[in-house]
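First chain A sits with chain B, and in the next complex the same chain sits with chain C.
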Partner chain A sequence: MVSTLAMSPRSPGLRLGLPQVYAGLILLLALAMLMSLTLGYKIYSLDQVWMAFFAHDGSETAVVIAGLRLPRALIAPLSGAALGMAGVMVQTLSRNRIASPDTLGLNAGASLAVVVASIMFGVQSLAGLSLAAAFGAFVTAIVVFGVAASAGGLSPLKIVLVGVTFASLSHAFVEVLLTSNEAQLQQLLFWLSGAFVDRPIALFYNGLPVVIVGGVIGLALSRALDALQADDSTAAGLGVPLGAVRGLAFVAVALLTGAAVSMAGPVAFVGLVVPHAARRLVGLRHIHQLPAAALFGGVYATLADVAARFVIYPVEAPVGAITAVVGAVVLLVLLMRRAA
Partner chain B sequence: MADLVPSRIEVRDLTLMYGHDTVLDALNLPIPRGKVTVLAGPNGCGKSTLLRAIRRLHTGQKGKILLDDVDIATLGAKDLARQIGLLAQNPSAPPDMTVEELVRLGRYPHQAMLQPWSEKDGVAVNRAMDGTGVTGLKHRRIGSLSGGQLQRAWIAMVLAQETDVICLDEPVNHLDMAHQLDCLDLVSKLNKEDGRTIVLVLHDLNLAARYADQLVFVHEGHVRALGQPEELMKPELLAEVFEVDAAIMTDPVHGRPICIPRGRARAAAKEVA
Partner chain C sequence: MTTLAVTAPAGRRFGIGAIVLIITGLFVLLCLAAIAFGSTWIPLETVAHVILGGGEKTEKLVVWQLRMPRVMAAAIAGAAIAFSGYLLQRITRNELASPGVLGVVDGAALGVVLFLAIFSNESNSLTVSVAWQPLAAAIGALTAISLVFILSGRQSSSAIRLLLFGIAIAAVAKALTTVFMLIGPIYQAAQAARWLAGAVNAISWSEIQIMALCLVPTVLVAGWLAKDLPPADLDDVSSRSIGLNLPVYRIAVFFVAALLTSIAVAFVGGVGFLGLIAPHLARLLVGRARFAGILASMLIGAMMLIGADLLVRVAFTPLEVPAGTVTAIVGAPYFLFLLMRKDKTNG
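For the complex of A and B:
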């Protein structure tokens, strides 16, 4: 009986080898970044991009490409990669395929920190606001993790419930603060929906090492995370130190989300959508899930950023709105397929 | 007879509480090497807790569990996981995980952090899948398997762990009769061919009597009786431990004792009166 059913109707993911998947993703990422450099309010040729980098003549074109297009062509993929990897770990930790850094309240915590910094402490600079965002995500991660842990064990359900509670609470505070300070509303609204536009390149250099550290922690934990996809008894039976692995993975999630939010603001649903694509492409082992999520996240965020330039052309839409729409559709499909 | 075989595991004065409830009360139990030990008892008697304690999944217990005379509390997590494997009750994993990915999880205690997948790991995984007959299913998602196939895949996962002691917590729950036998025959084969020490929790007394070398009746946190199935399958003992009034016969096929419950023991007592 076993053997008659053995003909595999469908191997996991696509029928591509891992090298092809990685090569394809890297190629796509390069292509997306090139699109990000050339396409926009003005469309530049590859020659002009080349000139701006290697023969900068001080022309307006060169200034726009090197000073405005380049930062977002770097920040978008890095943010997407960070949120993709964070999403993989959150979904594994919570054993919930519709969980994401948003669900854990990290984006909301970052938003609250930005609004508080701006309204209460008069922080105006982008660097100051992004530091506040990272701080907010990190503090929220620690608080959510701490409350969930002290409420008796870090069960997946508890982590998500505490996260959702904190997310609502943070949103409520943000609403109150914004309503009572209309003057700053306009300025903060754009940030609060997430964007890669008008970011100084310094944010990229600040974020890069943090994302690398978060990613390396994730990879170092990859085998333990694999085992954590099974139930707690099975994982513990395999010798996985549950508390330590969850704690460390949470630190990685906080670093990655904090870095992403500090660069781009709370870009919604990237961490929800990307892990699904990564698993389809490379299967469920984290040693591949994480790199694939980083690459696909980079492609996804970069393409969303390019699309944001055209949906209400000539005005630029917030990229967070684009990813929210795509994310909502994916979420609905997942819910209907009961993948959650 | 059983005491001629040196114990692989020795549970000594084990007391375990859930809050204020005493689940195991100064329990003692030898588990002989290379034998199949089956823990049986009514619901809530502590048999699953005992099994999980042997795999050190509970903390805050009093007493000791010795593995070859070494207190398991002194062993590292991975070290212990290389010696005692556990198939949890109703284990779960994502439905889109493939059988091979599931079986590979069993290699966790054999790998250091960031150590690449080794040839030895591959051999162990293939042997585990061959031994359980799931090699042909290795690319299938576990969500698409039948109950019997799924249970084989989980047993393969535990086998890949290459432990000498294997604990299985109600492994035939939710399986139909054919797959129950299939699963327990497989477990029995691991014992007979590889000489592994097996500890099983089973609900079905007749299955327990059929597969056990040593049968253990757990009752209210104590070991009420242990020995060969023939010694334990007695009407008085079943009435006391399981509260059933049962007739005991000898299974004409395997020569093992089987019980045929007439009804609850209390009702029977009334009848006699």
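For the complex of A and C:
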């Protein structure tokens, strides 16, 4: 089983070896992060970036680079990586290539949990809100999968319908809570807008360990996840403890989605697009799919963030709008390919 | 078909008539109650008095200028969206179909947001008449549903395919709506955001007039089309054999349904799940009878939106919580319930 998967179809056009793929992705990520530091409303030179980090002279340039550009150059790739890995696991768990933290309503659930925690329980600390986001994503994952499963199997239509319905339910509750607590509106819009701009660097340090834990759980499960790509009985025949693997994978997905939402808010459709790219690059084995999704997710989110600074220059667009447009088009292409 | 009608027991047919009458009665009561409730309570007999032309000046003002427009708008829009949902569920033979799931609502929303973004000037007022807004919504909705059709291609008779593409087109439209709200002037963005959530608060008589003028012919055409709706348990082949030109007929029904929703949505915004639930409840109450079903759907749709608006007015005053949130909070769980129940019966 595993050996067949190893020979599984990778895109015929790309005949790169795995080391080259990883090297290329890492290089791209470094490049994207450099672009994120230098490009924007003002364009800085590499010298100025170097100065800001290693010879901080208190000048405006140094303050902007270290205080504003650096956090987003770190948070964007980390969120992208988290959503990419979460997307891979969600698509495997549901055996559904159009599943993602968005189409399953996980982003919306995490946002709702953040709003509830802040308004109803007075949670203010970043760590507390991050925890709430992960909890919201976890509960939504369980409920959506549970409802879809009891509605007659995890067919693509069922699971997406349930997810979309949960998302609109969450949005409605968020709307009610926000309109009735306008004092906290401004502060919470920060979480709900889906953007990397103006995030404090502390969010990065909060999110990093969570993403690492989620990623490590995913990697530890990679063999079992490989087997789950077939059907349940095959996986069970290969000795995979289905319940335990699913449960742990849910925890990982919730941690990753929660971390991403707590850092950047619901950035749309990253978790849908990235796994497809990762599979084309490294094939179906999760031990490679997950790292490739993390790296590509990082590149994708960072580049989208850079693009967001220029599409309606001089004003900045929220990155969520850009990823939503790209993601929606990819979703259409995926559906049409299934139809063909 | 005729044999069915003839053999239907008289008591059952009387039953349907009685149920429709009861729903109509409830509808009238709810309308009166919705006018009576608010920041100040106006006794029902005063409401009736004012409507019949009497009453004092302040009472007249509150009833005619403040409360009546909301109730009227909610009733008209709710009925139109429910009719649209009824048509879509019947023509796709899928009780999960609705204007929202097929991308019609988000397409209309995109049309309106584009309209607001393009035709507003520096001082944030519209440069053209607001009467053009339903046209923009209709263009958006028709574009969306055409795309859903074209993309589903030869398989457009499969309801599942249509629903999946509808969800995808809705996602695209939603994404573009966000983008255009950001590009447009800030004031328009705030307006659009409130409107997108679905609210009937700031509606005026002139807007209601335009909405009604657009809807009356559409409803008539829809009713004329509805008389040919194939029975729910007839498949494509059998429908063709009784002389229906299904492809053309289907497209006509889809377009009329899209028009109904888009006109309503142009004025009251994205009210979620109405078009899904109202036809359902109607079917539960009156069964498969066609015109009773349409009438009941429209009345129930109207009552749901009036009720939602009444609830947000009474429970959240002075805040303006959009009525669309109530329909979503009620509608989403019902939809999930349907999803779960449907497969139990289908095995």
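Observations, loosely collected:
The working rule: the second predicted complex is superposed on the first by the 258 of 340 C-alpha atoms of A that agree within 3 Å, B and C clash if a C-alpha of one lies under 4 Å from a C-alpha of the other, contacts with A are read in each partner's own complex, and residues count from 1 in each chain.
Note that in this section a contact is a pair of C-beta atoms (placed from the backbone, for glycine too) under 8 Å apart; a residue touches a chain by one contact, two chains touch by 3 or more.
Predicted, not measured: the structure shown is a model, and the values here were computed from it.
After overlaying the two complexes on the shared chain, residue contacts for A:A23 are found with neither chain B nor chain C.
Counting the residues of chain A touched by each of chain B and chain C gives the higher count for C.
After overlaying the two complexes on the shared chain, residue contacts for A:M120 are found with neither chain B nor chain C. Using the contact criterion defined above for the overlaid structures, shared-chain residue A:S168 touches chain C, although it does not reach chain B. Residue contacts after overlaying the shared chain place A:R279 against chain B, while chain C stays out of touching range.
In the superposition on chain A, A:G239 makes contact with chain B only, while chain C stays out of contact range.
Once the two complexes are overlaid on the shared chain, A:A328 sits against chain C while remaining clear of chain B. In the superposition on chain A, contact of A:R223 is made with chain B only, not with chain C.
Residues of chain C touching chain A in their complex: 96, 101, 151-153, 155, 160-161, 163-165, 167-169, 171-172, 174-176, 178-179, 182-183, 197, 272-273, 316, 319-322, 324-326, 328-329, 332-333, 335-336, 339-340, 342-344, 346.
Across the complex, chain B is touched by residues 2-3, 5-6, 8-12, 95, 97, 219-220, 223-224, 226-227, 229-231, 233-234, 236-241, 279, 283-285 of chain A. Of all the residues in chain A, the ones that touch chain C in their complex are 147-148, 150-153, 156-158, 160-162, 164-166, 168-169, 171-173, 175-176, 179-180, 268-269, 312, 317-318, 320-321, 324-325, 327-329, 331-332, 335-336, 339.
Looking at the complex, you find that chain B touches chain A at residues 52, 55, 57, 76-82, 85-86, 88-94, 96-98, 101-102, 104-106, 108-109, 111, 113-114, 133-134, 136-137, 139-141, 144, 146, 149, 152, 157, 161.
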